[in-house]
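After this come two complexes, each holding chain A, first together with chain B and then together with chain C.
Right after this comes the complex of A and B.
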């Protein structure tokens, strides 16, 4: 298969994306530390949302335990760094391999015993939960006390060991987010993308049309988990501390799904848009209500946003906005 | 029959206590149009599902051009050259008409552009070209039926299994479908096995008719012979009280 765009990117969409990239690229110059941390968080959720979207949005496999694959990536790379001094650029290979292996194992169990839909989602939750419990008891990984990466001077950029100022992590995540957009688009328009969408809509009819359902689903799981594993490495080196209670928390898994659901499940730009809508909103609300002592107000508002989207625009904000903005010049863009 | 494309021998299938198909044997020669008819619950769709790999027969052999299909997965059987449609249409609802058909063409090519090009040709043939960018939910039933056939045809099958592709169509639409199937058969040598309740279509199209009743073949022959057969009339209209 030749590596090329199977269909042209609509020109206006390209221009809009380029403009967004340019704005985000210069943002650290004008943003203060707090704003930069919020933007970094937005990009992080845009990226992991895209990873999750490959499995559920493209191939129809609902994972509600995606924090597991990110957490595995985090712990694998952090443990290598802390215990053996192996840098993240080498560690990322083990992180990805482990995340993919665990993801494929769960998927294999699911497919072997024909566990699908909500039950598959329960399976992913179960694995995330018991990985959390197991990690709580592994001293080598810091157990409940947490695993800490040595923090050095944050003003020097040491790209090889991912030690440096917040701007470095911001630009890394910006690169990852846009790379994920490119890869997602290429995948969606590839043979695999067509097969995924066919399986998502009707697995039996897809099989009768010659689609190898098992391998296509496995590919979706592997790609999604690999992307999540990479996110985990970034996460570990950005936050410098890992706790099982946080890394494998079910709340984290749920949070990953918010951006794609609000932006548009199965769409290319939906997860990115959703992240830009939800996370700054969450921060604003948290800031505005800080003095009132309303804990969990952010999650509450997000919950309302998700319910509103599911009821009013089940296909998400992006498909609707996309039509208004007239970004579909060729009519060839993949719709949700 | 050495020229048989599809060979079914001694095939049986039980669903718990119910024998859905009992010791059915027939052979469809290359380039033929065969019809499988019978009252509701006669085992026609079960027979199709066994040929297409969605069900595994309890006993018997099914072979396409000498290749055994028993125990093979549906996608493998599709790649081997069996295209099928579903009685209740099952389009990919999140995809456009052209994308639906493209999935079929991707069976024989990895090149998405080539698959799309072929999909357009097939849609042209089925008079759906004008609706290629349409969402599936906007299609009328006759168009959905045609889409179902288009998707199966795009896989370039040797044998096309049509499960009531004409049910619910108006007479003029039945005629269009008949014309298309005759053309595919004559021009491309496509072998067709169809389940059909529209007797006019069966009479006009099929060279050979197999009648199933309670899972067994009760008659087989030309459309004329079969419709005069006493057992067939009894199965459809109810047996005379002895």
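Right after this comes the complex of A and C.
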């Protein structure tokens, strides 16, 4: 299962990315409200998929509780806004700080007690579930009744308080997604990125060659959680309501992993591609079967997609596609 | 007076815990032999519950009588799952196996949602409100039957692994995979059988717990997590550990629900899980895994 890695970015890939960005940038002009909401969701999952991918794809730490870090970001920024009138641009600092602190705490416990692999994933699930249930009992955060952000006019753009039309949120998420792509690429080709991959493929060998396994892993957790916290702030202000059952749901944590798995774990463009494949497909099928009243068909299709990918192309769609598209010109060995 | 209340709560918790334990036994058997973490565990349990529910609705069959049928159906399902899907990913890294079953779990939850809808439904048996009183101790009849049935199935399972040739062969696969191949055991078939047997336990536990709990598709992830909590507390792969873990978690949840807020009781078991993962990752009865 050896794959090749394109490095440096071939001219064709740069051109393709620029074209994709241009298409997405003008999309709101032609798309109707529904299509725009689907595209926004696609970009959101492309972004959080990349955040998750940093921890698992790059550094080999499987988190199945990533909804926790997004939820913490959402609740932190929303609580500041609702209770103290502090806007999201200030709130994002608290959101990121809290998400990173909780993530590093979980990772610290995990590393300190040498919990690895599936057990580490279970630890993340346990913390997410624990938080969900505790959050159900905190009245200040709305408990089970939910925390609601005041909704003002949707036509006026108030960027300082993130109040505005859906297009504003779309462009914000578009920026975040492409920024994450840039940061991911930069990270992957930095010294830290090489250390991550060395640790992922063989932690003991990495440690023997002088890689500081603990700090590199911590860095991956911190960066991934910070990105997730930012996603949480966006989520809170886009949806305007937060419920513990939804924010910290295990199903949500699992859903986050779908796009990177289908696209290609450990690749740069995989999470984005996966999101663009899965979410419009889910919407199409939901639309086509609307008359049958099949609640849950979307998840059904996604589940089948994950099973099919694991069975047929365990390294994802993107590594297979880039060979066909001729995007891999220089070979750097990568084994996810 | 107070002590009797505690005793009642504790007994109810232990009896429910036995059913949890039986279900966790299914997870533990599958992990102990095939080394697969069955992420679709709760979904399989809910499948057993729905099966018992339909049998009750159409034929008025007591869930305890549906139990063998649910076990047989889930056996077939587990056998097919291992033979058709899981078998094919055995050579892949652990996380991919985990994700495959997460995908299967997602398919099962949404299928349940499509077929049965989101509403909670239960099987109201004739003796649902009866109870036995021994002095000050009052035990619900359904809970007593449920606990006894779970214990019975668990005893059958222990007997199977201890005394039958097939059980011994499966244990041989678990102890030494290569050795089992060398002496000519059909390991692929035994693995499928093991997955089927584990699934049968889960299905039986599902049918039994329908006596105590109303079923809806979203119950599944909660049961998956609960079973993980139990087997990790008891020791992943240890059969007595799973049963003990079930009783411990059942009793502590019942006490926590009684002393604190009922809805906080599962936070308590996740707290227990985090503590056990950190302090004794091999579980209470588990052995330190061989490298």
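Throughout what follows, the second predicted complex is superposed on the first by the 320 of 336 C-alpha atoms of A that agree within 3 Å, B and C clash if a C-alpha of one lies under 4 Å from a C-alpha of the other, contacts with A are read in each partner's own complex, and residues count from 1 in each chain.
What we mean here is this: a residue touches a chain if its C-beta (ideal position, glycine included) is under 8 Å from a C-beta of that chain, and two chains touch if they have at least 3 such contacts.
If you're wondering where the values come from, they're calculated on a predicted model, not measured in any experiment.
With the C-alpha superposition on chain A as described, chain C and chain B fit side by side in the combined arrangement. In the superposed pair of complexes, A:195 makes contact with chain B only, with no contact to chain C. Judged by the touch definition given at the top, the superposed model places A:310 against chain C, while chain B stays out of reach. In the superposed model, A:254 makes contact with chain C only, not with chain B. After overlaying the two complexes on the shared chain, residue contacts for A:228 are found with neither chain B nor chain C. When both complexes are overlaid on chain A, the residue A:266 reaches chain B alone and has no touch with chain C. By the document's definition of touching, of the two partners only chain B reaches A:208; chain C does not. When both complexes are overlaid on chain A, the residue A:177 reaches neither chain B nor chain C. Taking Cα centres throughout, chain A sits at the apex of an angle toward chain B and chain C that amounts to 80 degrees, reported as a multiple of 10. Of the two partners chain B and chain C, it is C that touches the larger number of chain A residues.
For the pair chain B and chain C, the minimum alpha-carbon spacing after aligning on chain A is 12 Å.
Across the complex, chain B is touched by residues 1, 6, 189-191, 194-195, 197-198, 200-202, 204-213, 266, 331, 335-336 of chain A.
Considering their complex, residues 52, 54, 73-75, 78-79, 84, 86, 90-96, 99, 102-104, 106-107, 110-113, 115, 133, 135, 151-152, 155 of chain B touch chain A.
Those residues of chain A that touch chain C in the complex are listed here as 56, 62, 64, 109, 112-115, 117-119, 121-123, 125-127, 129-130, 133-134, 136-137, 250-251, 254, 257, 261, 294-300, 302-307, 310-311, 314.
The touching residues of chain C, counted against chain A in their complex, run 37, 85, 88-89, 92, 94-96, 98-100, 102-111, 113-114, 117-118, 217, 221, 225, 228-229, 232, 261, 263-264, 266-267, 270-271, 273-274, 277-279, 281.
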